[in-house]
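Next up, some structures in structure tokens.
Consider the two complexes below, in which chain A is the common component and chain B and chain C are the respective partners.
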Partner chain A sequence: MSIVQINDLKKYFNDVRAVDGVDLAIDQGEFLVILGPSGCGKTTLMRMIAGLEKPTAGTIQIGGEDVTELPPRKRGVSMVFQSYALYPHMNVFNNIAFPLRAQRRELKFDKRQMREKVVHTSRLLEIDMLLDRRPRQLSGGQRQRVAIARAMVTQPAVLLLDEPLSNLDAKLRANARDELRDFQRSSNITAVFVTHDQIEAMGLGDRIVVMSEGKIQQIGSPQRIYDDPANEFVATFLGSPSMNILSANGFRFGFRPEHFLPKTLHDSPKNSRIFHYYVKRVEYLGSDRLVYGYVHGHEDDLTLAKVPSNVRASLDIEGDYEFAVHYSDIKFFDQDSGRRIEQQNLAKVL
Partner chain B sequence: MFRLAYPLDNRRFVGLIFLAPALLYIVLLVGFPFLLAIAFGFSDVTVGNTDLNFVGLRNYLAVWENDIFRQVFETTIRFTLISQVFILIFANILAIIFTQNFTGKWFARFIFILPWATPVSLAMIGWLWMLDTKYSPIDYLLLQTGFLGPNGILSNNRNLFWLATPDLSQISVIFVQVWRMTPLATVILMAGLSSIPTDILDQAEVDGARFMRALLQIKLPLILPIMVIALLFSMITMFGDMTVVYVLTRGGPVDYTRVLGLYSFQVGIEGGNLAQGAAISLFAFPLLLAMAIFMLRTASRAEVQ
Partner chain C sequence: MGALVWILHNFWTLLVALVLALVGLRIAWRFYKYGATRAELAYILRRSPFYLVVLTFCFFAAAPFLIMFMHTFKTDGDLYRRPQPFIFRQDPTLEHLDALFNNTAYLDFIRNSVVVGLAVVVITLALSLPAAYALARLTGRWGERAGILMFLVYLVPPTLLFIPMFRIVVLLGLKDDPMSLIVVYPSFTVPFSMWLLSGFFKAVPPELEEAALVDGYNRVEAFLRVVLPLSLPGIISTIVFTFTLTLHEFIYGLVFIADTSQRTLSVGVPTELILGDVYFWQPLLAAALIIAIPVGLAYNLFLDSLVQGFTMGAVKG
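Take a look at the complex of A and B:
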């Protein structure tokens, strides 16, 4: 059952179409990640769900109720900002209690219950020993937990998270990602998570919404959008290094660097397309070798191969090699629209 | 081999150049007169006899035992405190209004800043007309609406004598001071309000805070340090001010609107007793210094992050 239903949502800032016709259904209890480059409209979309931004057109329903015109406090949503936006002049207890006090009329509870809720939520997030501290006395990870506790204390229908991990250092981030996911699963809350970081998106999301230029490019599980991209944007946006895209007669095709390997490594060469590959440069990255070179006949486009280090084959600079890609790993795109095209017959065309 | 270095590559030299105007200003226009005032305060200098003879605390004792001085001192403190209350209230309200979005905001801001941008003496001449004993436009409006004149609600007179009765003259002076000082405090508070991160205000909104809660629990506490600074500026300006009363009332009627700055000027310059004048104005110094230290400490303690 979907808890959030968004229909043809648009937000124009003068001439800029920040969000340009988004349809989206978010399921109860799911972890949905909205992924896209900066300026793609993902934050605007989230702010519209929160009620901080008024849509130019379209509707938003939460829990079956049309909330398009309602202020944030009547939507049953809460939000964690990238900066955590903790109230600097209040201690942790008052920070967490703030939404309870503010929504007292809507939520109906007494002082004792409020205290219990704050303490209970802070225990869940293991910050109950910090309740007397001021935000500036906390570490980055602790601040993030306080922000999440404050967002969770009202038991909202939807938890909105705007890049809440990007202020943590790399080491903490992986840990925080894991904890966030555990916490979301155990509390069974619906989470919408905005990020531009594809690793975060792939790691966290039940489903990923890929956005670009105010439009949804694809919705699907992490594996689906990686293996089965709907268009050239999604194909090249996900993956690092990104997918090699080459032009052929009247269409474009692409394959990921990790699928582009020396021919000898392919067990069934007849199911693979063989390319003559000129190696320009090799980077040794530890687990892989990243090879820069040109495919014969496509000398304008730099083509990358990612060869696992345990493949002993020698790859010399300025050498010519036979590389191959399995046909099923080659994706075809329309030359003009960039949309995926079916490939059965096209495989022979290559 | 000797090579001529660019003088501007020398950090100390460049630093000195940049500091020089401020240093000159402080030494010549603040430091020197201040030290001179102290020297005068301990001497028997007058306009007629400019020899500096040290007389110890005589001037200060004489001033302190002077009943007029005590009344002037009390009036100054009273005017300053009462006007600060109104300035703070109005400045807060206006700063909040001017940081909202509405059409004509820039024009409204511009109009509003005018009292502060106008030279004080010029503005005071305007108020002198507004509050004129006979031709005050305010009186005229009150007369036309039946508040004044025969059987008037406020008075049977055709005039209220804004600057001529003990109570009204004090109210008028305080009102004009509030009118003059509110824009500066407002501008400072506006800067404070717009420095609050939008994330925090958005967060308060999502957390369910309505206007008043966001204002009282988030915005005002966050701009408290800036409010203290605004208060400090306007208090110090007002405490030493003499222009307003000099133009409007000359301290009258009797001594009701005589404030420290004016009294010092009247005794020291108009009366020619430089030593006494200096002593009078120096009474303000320890008070203002203590106030400034106290407020700046409060501000830095309340400061966030």
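Take a look at the complex of A and C:
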């Protein structure tokens, strides 16, 4: 059952179409990631769900109720900001208790119950020994936990997270990702997570919404989005290094560098398209070798291949090789719209 | 009295002794901490010109206070005897202080000034807090321009305004009443405070307010619970500044109020203690000193946030 229902949502800032007609249904208990390059409207979309930004057109329903015109406090959502937005003049306890104090006016519960809720939530996030500290005395990881605790303490219908991991250093980030996912699973809360980092998106999301220029490009599971991109934007945005795109006979086609391997490595060359590949340079990256070169007939486009290091193919600098891609790994796109073309026989045309 | 006489007689000796003692203690402390090494001696030698300059500036800053303090206790004969070295040739006296408090309306002036000052501070805060917040947050391009326009109002001098304002005061029936000043003073304190406060409000990240909005509060509550506590230094310096603006305002106070017992300090002291070309120097200086000390202390306490407030307005405004 969907808990958030967004219909044809638009937000224009003067002439800029930040969000341009978004339809989205978020399911109860799912971890939804909104992924896109900066300026694609993902943060604006989240701020409209939170009620911090008024939509130009369209509706938002949360829990079956139309909340488009409601202020943030009446929507049953909470939010973790990119900067965490902890109140610097309050200690950790009061930061976490802050939303509860607002709730106390409507839901009657006494100070003792409030204290219990704060302590309970802080235990879950393992920050219960920091309750007396001020935000500025905390490390980045601790601040992030306090921000999540503050967002979780009222048990909101939807938890919105705006790039909460981007301020952590790389080592902490993987750990925080794992903990965030565990925490979301165990509390069974609906989470909407905005990020521009595809690794975060792939690792965290049940479903990923890929956005660009204010529009949703594709919605699907991480695997679906990676293996079966809906258009050229999604295909090239995901994956590092990104997909090689070449044009031919009125359409464009692409294949991922990790699928572009020396011919000898393909078990059935019959099912693969063979390219004459001129290798310009090889980078050794430990687990992989990254090969830079040109496909014969497409000398304008740099084409990359990612060959696992344990493959004992000799790739001498500067030379012609035969590389191949399995036909099922080649994706075809419309020349003009960039939309995916599902046409297997195109492969024979190549 | 005996102790005071002794202090005043040896005033300069004591002052020099105090400064030398402080410098000596500082050097002694460094020796105690680091030992009498060559490096330490070199350090003290290297730093001494700096401290000498600081001491000179301190003296110039403090000299008016020292002179006011000394002359308060001088007898007429001693004060007018030439040349006028800063020493006591006759015994100090308390008669001028006694005259100031018992023969003039000095206490009334203080009371009027404090009442007017506090009332103006309250009105100014009530008007400029919401205005400054609106200027800092809720406006686009035109808001910024409106803010500059409002600040321009502050630049119209009271010397141009006191005649029309006087008509209004008479119309309101507030002539000879400190209430008239409470009505008129906000005309220059509000634009100024608004400008000062909006700089502080701009320094509070908007995300903090948005967090409060999501956490279940409306905008007014978010302002009261998050923005206000975080701009407390700004609010305190606004209070100090507004209060001193009213304290030294002269022309409105002079024109609107003719009744001596209703006058404020800035008008009452010069009109009561200067008669024609006769200056009653000792009570005059005493009256100035008594007011200058608390104001000076308040300024020193909040100096940092005052400077911060001005520069913030300057950079972002």
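Assume the second predicted complex is superposed on the first by the 347 of 350 C-alpha atoms of A that agree within 3 Å, B and C clash if a C-alpha of one lies under 4 Å from a C-alpha of the other, contacts with A are read in each partner's own complex, and residues count from 1 in each chain.
We take it that a residue touches a chain if its C-beta (ideal position, glycine included) is under 8 Å from a C-beta of that chain, and two chains touch if they have at least 3 such contacts.
Only a predicted model underlies this, so the values are computations on that prediction, with no experimental measurement involved.
Taken together in the superposed arrangement on chain A, chain B and chain C clash. When the shared chain is aligned, chain B comes close enough to touch A:R136, but chain C does not. In the superposition on chain A, A:A18 contacts neither chain B nor chain C.
Once chain A of one complex is fitted onto chain A of the other, the partner contacts of A:L168 are absent, as it touches neither chain B nor chain C.
With both structures placed on the common chain, the touch criterion links A:C40 to neither chain B nor chain C. Shared-chain residue A:A191: touches no atom of chain B or chain C. Look at A:P88: by the touch rule set out above, it reaches both chain B and chain C. Of the two partner chains placed by superposition, A:L32 touches none, neither chain B nor chain C. Look at A:M202: by the touch rule set out above, it reaches neither chain B nor chain C. Among the candidate segments 21-29, 39-47 or 165-173, the part of chain C whose C-alpha atoms clash with chain B in the superposed model is 165-173.
Shared interface residues of chain A, touching chain B in one complex and chain C in the other, are 50-52, 71-73, 77-79, 81-83, 85, 87-89, 98-99, 102-103, 150, 154. By the touch rule above, chain B contacts chain A in their complex via residues 197, 199-200, 202-210, 213, 217-218, 221-222, 304-305. Chain A makes touch with chain B in their complex at residues 47, 50-52, 71-73, 77-79, 81-83, 85, 87-89, 98-99, 101-103, 106, 136, 150, 154.
The touching residues of chain A, when paired with chain C in their complex, are 50-52, 71-73, 77-79, 81-83, 85, 87-89, 98-99, 102-103, 150, 154.
Listing the residues of chain C that touch chain A in their complex gives 205, 207-208, 210-218, 221, 225-226, 229-230.
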